[in-house]
Amino acid sequence: MSFVAVLAWVAVLVVAPNMLLLFYSVLTNRSGRATTQLTLDNYVSVVTSDVTPLLLGRTLVTAVAAAALATVIAYPAALFALRNLGRHRTLAVLLMVVPLWISYLVRVYAWKIILGDSGVINSTLAAVGLTDEPLSFLLYSRFAVLITLTYVSIPFVFVTSYTALERIPPSLLEAAEDSGASPFRVVRHVIWPLSRQSAAIGFSLALLIAVGDYLTPSLVGGLRGTMYGSLVVSQFGIANNWPLGAALSVVLMVVVGALLLAVARLTRTEGHLE
Amino acid sequence: MSETSVVRPVHRRSPAAILGRGASWAGFGAVYLFLYAPLVAITVFAFNDSTIQALPWAGFTTRWFEAIPKDRLLISALVFSFTVAIAAVAIASLLGTWFAFALHERTGRVARAARGLMVVPVVVPGMVLGLSLAITFRSLGLTPGYATVVLGHLVFDVPVVTLLVLSRLQRLDPSQAQAAMDLGAGPWRTRILVVLPQVRTAILAAALLTFTLSFDEVIVTFFLVGAQQTLPIFIWSQTRFGFTPEINAVVTIIGLVSMVLIVVATRVITRDIEPDNYDRPDGGGA
Amino acid sequence: MSATQQRAAVVSLDDVTKGYPGTDTKAVDRVSLDIREGEFFSLLGPSGSGKTSTLRMIAGFEEPTQGRVLLDGLDVSGLPPYHRDVNTVFQNYALFPHMTIQRNVEFPMRMKGVPSREAGARSTEALESVEMAEYGGRLPHQLSGGQRQRVALARALVGRPRVLLLDEPLGALDLRLRQQMQLVLKRLQREVGISFVYVTHDQGEALSMSDRIAVMNKGRVEQLGSPAEIYHRPSTRFVASFIGRSNLLPCAVEALGDSSLAHCGDGITVMLPAGTPAGQALLSVRYESVALTEGGASGGFPVTVDEVVFLGDAVEIIGRTGATVLVARTGGQRGLRVQRGDSVEFAIHPTGAVILRD
């Protein structure tokens, strides 16, 4: 009985919505209503549009860059915390996840305060006398989107990396050092291979957040920082073209799925810790 | 270090090494600075005596805090968010735990597939999930409002609870349930008296997590909400035009409450008996 | 022994087989045996021999793929563990970590609906019988391994089951504590008079505590008998080599009227009782049944000493003659001056030699 309930849940709230999404993506939009005239026009217009492929490419590049940047920052930080902080390292982990409990929206908005023309950075630079005019590329730009997405991704990569690093028995590192490996080579040949799969999970999480984020581009991206997600939302809202929104969604899911599969393939490690 | 040296110096304190070490600490500190700067900025501007959130500092004030209770729209959004989150957490904890037990006791391809599919809504981009649910609910003839928002949140809250409780169940020693049955407890009494108490910290952690997920959710909610806004949607609609520091004040309060909650929860969870440290190998005297 | 033989069977396994999906080899292969009222019965075998699977089928955690399990003569197929009057002491004790010791021991009575006052009194009594009464208020993680072991025993016995199943209960304890617990177990079993079914891979435990032992290998019962029978009259090569230490010699048996004689090559001959079937056979000789003799004793044969192993309470002498290597075990009396390379004489004690069926 319990298992039937699970199956019913999955059928009604997971399978059915995705099937309906697929179904909607081949419907025809007539002034805001979806009609049951089947067509592939929505996909055709996604592919042939001037804007859509461009936005998709820009979104993927920005998301991969943010996820990579977050990994480059968070993975070494996790390693550092584990090896140098002794008893206080759990505090380091706790401090890393605390911001996750603060509203996502607010954390994104905070960057608007920091990066704005009269924001913290620009007014400090002006006060010190380094700049005469505000650096306008800081806000409403792809740069702002990149910084903010990196910012929200760091804790995820940190935590996944940290848990993997923590599981590596110290005796392995000692054995490597004992065999004459320098600290760098210990990381290169022992630590990284044993933890990169988890780092990749963190990277993938970051990528998912970045690709699917709508708040960041719309708050700090401005026109130059518009992303793919905004297109989907506008089909639901202003444009009121659900079938096109569904087609855009399906395309996004397929592309992201392929990307995540590639990440998983690239970082697979043979053998595993007990 | 030469091959022939017998005694390796434990700490080499060359200037370069000290510099490298200092740089590592500085870099590590910078990560946390990066992490907390925005939170500090929000809090600081909650006390700034200006509607424009920019430097220079216009003077200290608590008027943004005092304005909160008078803002009827904000309060009603806050209350609505609470009722949504509480309902979602209560239902998700029950359903999610129930599903975790069901999936734990069932093996095979169907169970694995069900578990995999269940998690899909958690990883799918928010606007995709939102649109697919909006289509589904429209097809079912549901009017956007409280029920659709709660149901929409359950779609990602339930799998989170299920996964957390399931992973706890899988780490639980199977002989615990066997011992209970062996001593005369039927399946339900085994679950309730023996298994459930040992996964309650996972349920508690999951409840806390889903509360923040639901309380904070914007984009899926945006697709499902009716006329009454949730707090994040209210804030979002304000931010598009640059909001007043009143929002900073609200967020500062919520942030503080969350911190207290985390600390209390961590205390409760770590204080609780974890069966993990139960099977310590020791054979002390009888 | 004769007393227990007449008692009724509490547990009967009737041609029980257990296979798992995905493998052809059977965990338990056509096992039939009876466990009698009030008996200390051991299932002894190496890991993977099917002894734990057998125990789990009696407890009801697993169902046989073929054959029947009977409790008190009734087929219990399909009967869940909570409806079987059988309790188990788990290898890792499986005490409930969120309940006090007292609550743990009361648990089976709560399940039976025994009134709480009576349940309290009986669990205190059970804890007293294992000398743990003063720990009732503690939580399991606050006890040592040996203490948890005692609590697990009290919890399994408090409901007075017909049979107590013990799955390597001493495996996690250190040697000294293990020996101490063996005595506790034996005493408890005598006091409560409940049949114990004890699973172990440790022959010492099985030999010292059991009334009867079933030696298992590859899912089958190799031999069933009293500890003395198992030890002194092993019936298969497996039993001879798994329990105690034996020399195995391929011999040709010759009938000689009132006795038999085994020719084991390299000039080794052993006298065997009359009626031993003639022909090729495998002879098992315990190390301690090979004696170091003075020159010229009857049946003695010369060997060259390959190695002398000092064991504290005994000395093992590994001797070689031709292609045959034999081990003799003698008391470690002082002054035994045998060295590697010496020529000495071994003799096989006639009562210590057993013909194995293979």
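Assorted remarks:
The letters A, B and C name the chains in turn, as written, and every chain counts its residues from 1.
As a convention for this text, a contact is a pair of C-beta atoms (placed from the backbone, for glycine too) under 8 Å apart; a residue touches a chain by one contact, two chains touch by 3 or more.
The shown structure was predicted, so the numbers you read here are calculated from the model rather than taken from an experiment.
If you draw each protein chain as a dot and join the dots that touch, you get a simple line with two loose ends.
In terms of Cα centroid distance from the overall Cα mean, chain B ranks first.
A count of contacting C-beta pairs for B-C and for A-B identifies A-B as the more extensively joined pair.
When chain centres are defined as mean Cα coordinates, C lies farthest from subunit B. Centre-to-centre, using mean CA coordinates, subunit A is 60 Å away from subunit C.
A separation of 54 Å divides the Cα centre of subunit B from that of subunit C.
In whole angstrom, the spacing between the mean C-alpha positions of subunit A and subunit B is 17.
The set of subunit B residues that touch two or more partner chains is empty. Across the complex, subunit B is touched by residues 2-3, 5-7, 9-10, 13-18, 20-21, 24, 73-74, 76-77, 80-81, 84, 94-96, 98-107, 109-114, 116, 118-120, 123-124, 127, 151, 154-155, 208, 211-215, 218-219, 229, 232-233, 235-236, 242, 245-246, 249, 252-253, 256 of subunit A.
The residues of subunit B lying in touch with subunit A in their complex are 24-25, 27-28, 31-32, 34-39, 41-42, 45, 52-56, 95, 98-99, 101-103, 105-106, 110-111, 114, 117-118, 120-121, 123-136, 139, 151, 154-155, 158, 212, 216, 218-219, 222-223, 232, 235-236, 239-240, 243, 247, 251, 254-255, 258-259, 262, 266. Against subunit B, the residues of subunit C that register as touching in their complex are 59-61, 80-82, 86-88, 90-92, 94-98, 107-108, 111-112, 131, 139-141, 144-147, 150, 155-156, 159, 172-174, 177, 180-181. Against subunit C, the residues of subunit B that register as touching in their complex are 173, 175-176, 178-186, 189-190, 193-194, 197-198, 273, 275, 277-286.
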